[in-house]
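What follows is a group of structures, each given as structure tokens.
Look at the two complexes coming up: chain A is in both, with chain B in one and chain C in the other.
Showing the complex of A and B:
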């Protein structure tokens, strides 16, 4: 049986996740339980959602450097307005998604580099977050907390959530016609345009969907932490980009994989736990995390080359 | 005969075992330190103190292990993940210096639900199931005015150097100073600047406000800013006021120089980085089954004219004056708050 190139792309992230998981289980057998798995992976759920958001932006050949501050901002909204007056909270979050769609339009119409626009927006989101919560605080809405701490039978909620996120975004991005068009913008914008589609609207749709998943990331994060502060998710910018790449996505060409992105986010989270179980000193941990990334990426390059050689033959 | 031998042996064994069993309640317990930041002299001293005291405790068999973990980045999400890992590693107690008072509450709750004792100190957490060892920063501010009231009963103008705006510690020390001034109306705060707990920032800020100020009798501070203030006064050729210091080595050294040269008098107050060891003993006591109140206050470390030399000698260059706590100190703190 011949594997499709998409499946081959998924092999490396899935295999690296499995290897890391086996290593963690070996070092810490306690993790091999319902609560253990939940503790290992529950903080990966918001990262996975942010990674999906980043992936949508990357599928139209853009990059979002405001992901971390935007998720922090939505976390602050969740811990304040969404909790005290849900109607206003939903309105603000909807407004934030609309702002994302507008960003997509501006970037396209004015032909601006997305990196510059989103970098600028990161200060706007950061400022708004500080305005909302000048000092750490707020509280998670009851229903959010309930979802994130739910105890479904057999499989912990962190795994259930990851599977749902992967499956639904796979349908949305890989199977729906909108998803195909958005990836088409990344792959060959001109041919999509010639076929009669409006690139502006497609880009706006991609950005709006990204905003939607980033909002979900903020809500999920507050569900886990029970409260927010303005700097809570700053790391998510780089984590989300690393997650997409780790999961087999690429910076250009509309080549992305939602299932891979979720696996990438889980792998990144697990790598942190792995290093902590190894008792590696914190001075080396960031470096070691980078080393894991490089090893996985090197493996992928190697596979890509194999794939090309197969094609040439 | 054999029975007699067995009896003797068991008695001997009982004697040998007795001293160990005094602390055997926690001999198999493992305590972890979860720390969010290690990038300044205070935190380094905190980790060194932890290392020193807990190593002794482990060697004596009081606890089985006391490992310190510091997150690679000062982020609440990182520390939450770290705490969840510590739960998985099966520690019996986790001592936390938290990156955020609220954002770790989810992870802390998970730890409590797993039956783990959580003790937070310095950067405390609000989750009700955790213990808190807080510093009474308000009393620390008030003590400065009380000292000044004793030293100069006639009162005078004060310059207040505050810390980093928007941080709760700054608000609390400031509230203490305000309360002190209200009680001693002979003092008047004529100026206030933010020194950000850093000598260079404090020096700039004080130099900027000095020309607009009348004669200053004393400067009330928050620590880490006294030396900078002194430099600013000296540069402006103004009479040197009584500057309350904050236990930093450069402040103490300057104070010593002035004391030797012209009998300069002041006091110095801050919290000791060794508070991590107090948290360690409190966690050990809780594991030992002691009934400990959820909110404890740690005494702050004060240096006066008489013990300046001794404290300066024991403080590392560029460091902070420190004390490490013993089991007895911890029991005293627990007892005082009961």
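Showing the complex of A and C:
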């Protein structure tokens, strides 16, 4: 049996998700139901969207350290303006996406380190979120709530949403010509430039798309929690980076995988549920999450080695 | 004239200029009455970011992708454990210091073991490590708030010749770091690895050993900072390291160290640390609310990067 290197990249994250899922089912057979699955993966939807956003930034060799504060900000907009006066809400969110595109332009034109610019922006988004909602509150718009709590037949909405996100971003990033160009910027910027493409526009497009998915993440999050607060999604910065890496993506070289990223996000979410099923003391929950991350990555190394040995034979 | 141009081409000059401008703007607003107090407070609080920043700088110099995210957890654990071991006894101060350093060494070894043995990218390796360390700190802390020994806390909060003691320690550490970086073979090695780890390996530089020492050094400095911060603020708190994660990265980069690695400078960390604290106190003095203060802090950071940026060899 022959597999392309892209498929191999996907096998490992998918296998780790399957193992974790099997462990959860073994410990709590009742999770193996419509409601059980929905509860397990509910919170994965916004994390998956944020991971996709981070992945787009990473595909042009940049890193976004403001992801968590930005998703918090869009969640605050969703719970306030988008709910009370949708027109203004949409305008603000569109402005936020435009700001992301502008960041891409600035970072490229001035040759600035993305880590620092997004670090600065994380203060800005955090400040805006605090201005919008100084204390937790707001309400989810009806239609958002309706989508996130929908009950499609047979398969729970969390799974449906994850599949839709994975499939559509796969088409966008892996199959469309724009996606190929964006990954090309990460792979070899100079060759894309020599081929006559504008790197500025490509980077702006990558950032704008990232902003768009991060906005979706904020909206989806409010649909689940029904209210927002300025610190609601701070941990998304690190979660989204970890999700991309777990899904087989790399920091440089435009090597990313949208399907892998969604699987990575699902794995991270499941790790949380797994630990509560294990009845681990809350003291050790964060630590065990770190341990799971290490185990999955060790597994990946092991399988990579195995694959190499097969090849050499 | 050439001296001026020479000075202007130094990346660290920008962070000092920015710090000076903010200092003047703040003192001006209060009519000059706060000049001395403000300077002392700035030196005190900047000292902590300088100590972690120096460690982070060594790691960032190693090249793209090298960042230590376990800094806050290391600070928390070393502060908690050291205070627990000292148990308010003046005689145990040195033992506590030793415990803090050992915590740093252990975490540094753990970090590098993950990076090397499991080939995990440093960002993820140190992140996973920080989760485990944080859990350990929660477990040891258990909601207890132990006070530091009397002698240690009075040392950390007092002044020698009008300069805060913690700032003097930061100065000592920075001097050693500067010598290591500029005058020792080790400093040449980490710069070489940051510029091209392949070329460095070919040139016979012990790449693995150098990287190992660097991660341990960073963790030890973070642990030391945790020890001092816990003594300064009268006890360890679980979230005491939180703000130092972004701070340690920010001061390194604003200070003019290349994010792509291979090029670092110690004076810039001083300028950037002073600047970061001064911005917050300036906005406080002007009476802005939390939201506006955050927004302005972010915009000012970006403005400084824009003004100083455009150098080559950045990501």
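The rule is simple: the second predicted complex is superposed on the first by the 301 of 313 C-alpha atoms of A that agree within 3 Å, B and C clash if a C-alpha of one lies under 4 Å from a C-alpha of the other, contacts with A are read in each partner's own complex, and residues count from 1 in each chain.
The criterion applied here is as follows: contacts are C-beta pairs under 8 Å (C-beta built on N, C-alpha and C of every residue); 3 or more make two chains touch, one makes a residue touch a chain.
Every value quoted in this text rests on a predicted model; they were computed, and no experiment measured them.
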Worksheet item: First (chain B), second (chain C), both or neither: which does A:234 touch?
Response: first
Worksheet item: Can A:285 be said to touch chain B (first), chain C (second), both, or neither?
Response: both
Fill in: Touching partner for A:226 - first (chain B), second (chain C), both, neither
first
Item to complete: State whether A:135 touches chain B only (first), chain C only (second), both chains, or neither.
Response: first
Worksheet item: Which of the two partners, first being chain B and second being chain C, lies in contact with A:180: first, second, both, or neither?
Response: neither
Discussion item. Output check: A:105 vs chain B and chain C. Expected answer is one of first, second, both, neither. What do you get?
Written reply: neither
Worksheet entry | Touched partner set for A:303, first chain B, second chain C, both or neither | neither
Worksheet entry | Footprint overlap on chain A, comparing chain B with chain C | 134, 283, 285-286, 289
Worksheet, complete the sentence: chain A residues touching chain C in their complex are 61-62, 65, 106, 110-117, 119-131, 134, 238, 241-242, 245, 250-252, 283-291, 293-294, 297-298, 301
Worksheet item: Where on chain A does chain B make contact in their complex?
Response: 28, 30-31, 35-36, 39-40, 42-43, 134-138, 221, 223-229, 231-235, 269, 272-273, 276-277, 279, 282-283, 285-286, 289
Worksheet item: Hey, which residues of chain B end up touching chain A in the complex?
Response: 38, 67, 69-73, 75-78, 80-82, 84-85, 87-90, 100-107, 109-110, 114, 127, 166-168
Worksheet item: Which of the residues in chain C end up touching chain A in this complex?
Response: 64-65, 69, 114, 118-121, 123-124, 127-136, 138-139, 246, 249-250, 253-254, 259-260, 289-299, 301-302, 305-306, 309-312, 314-315
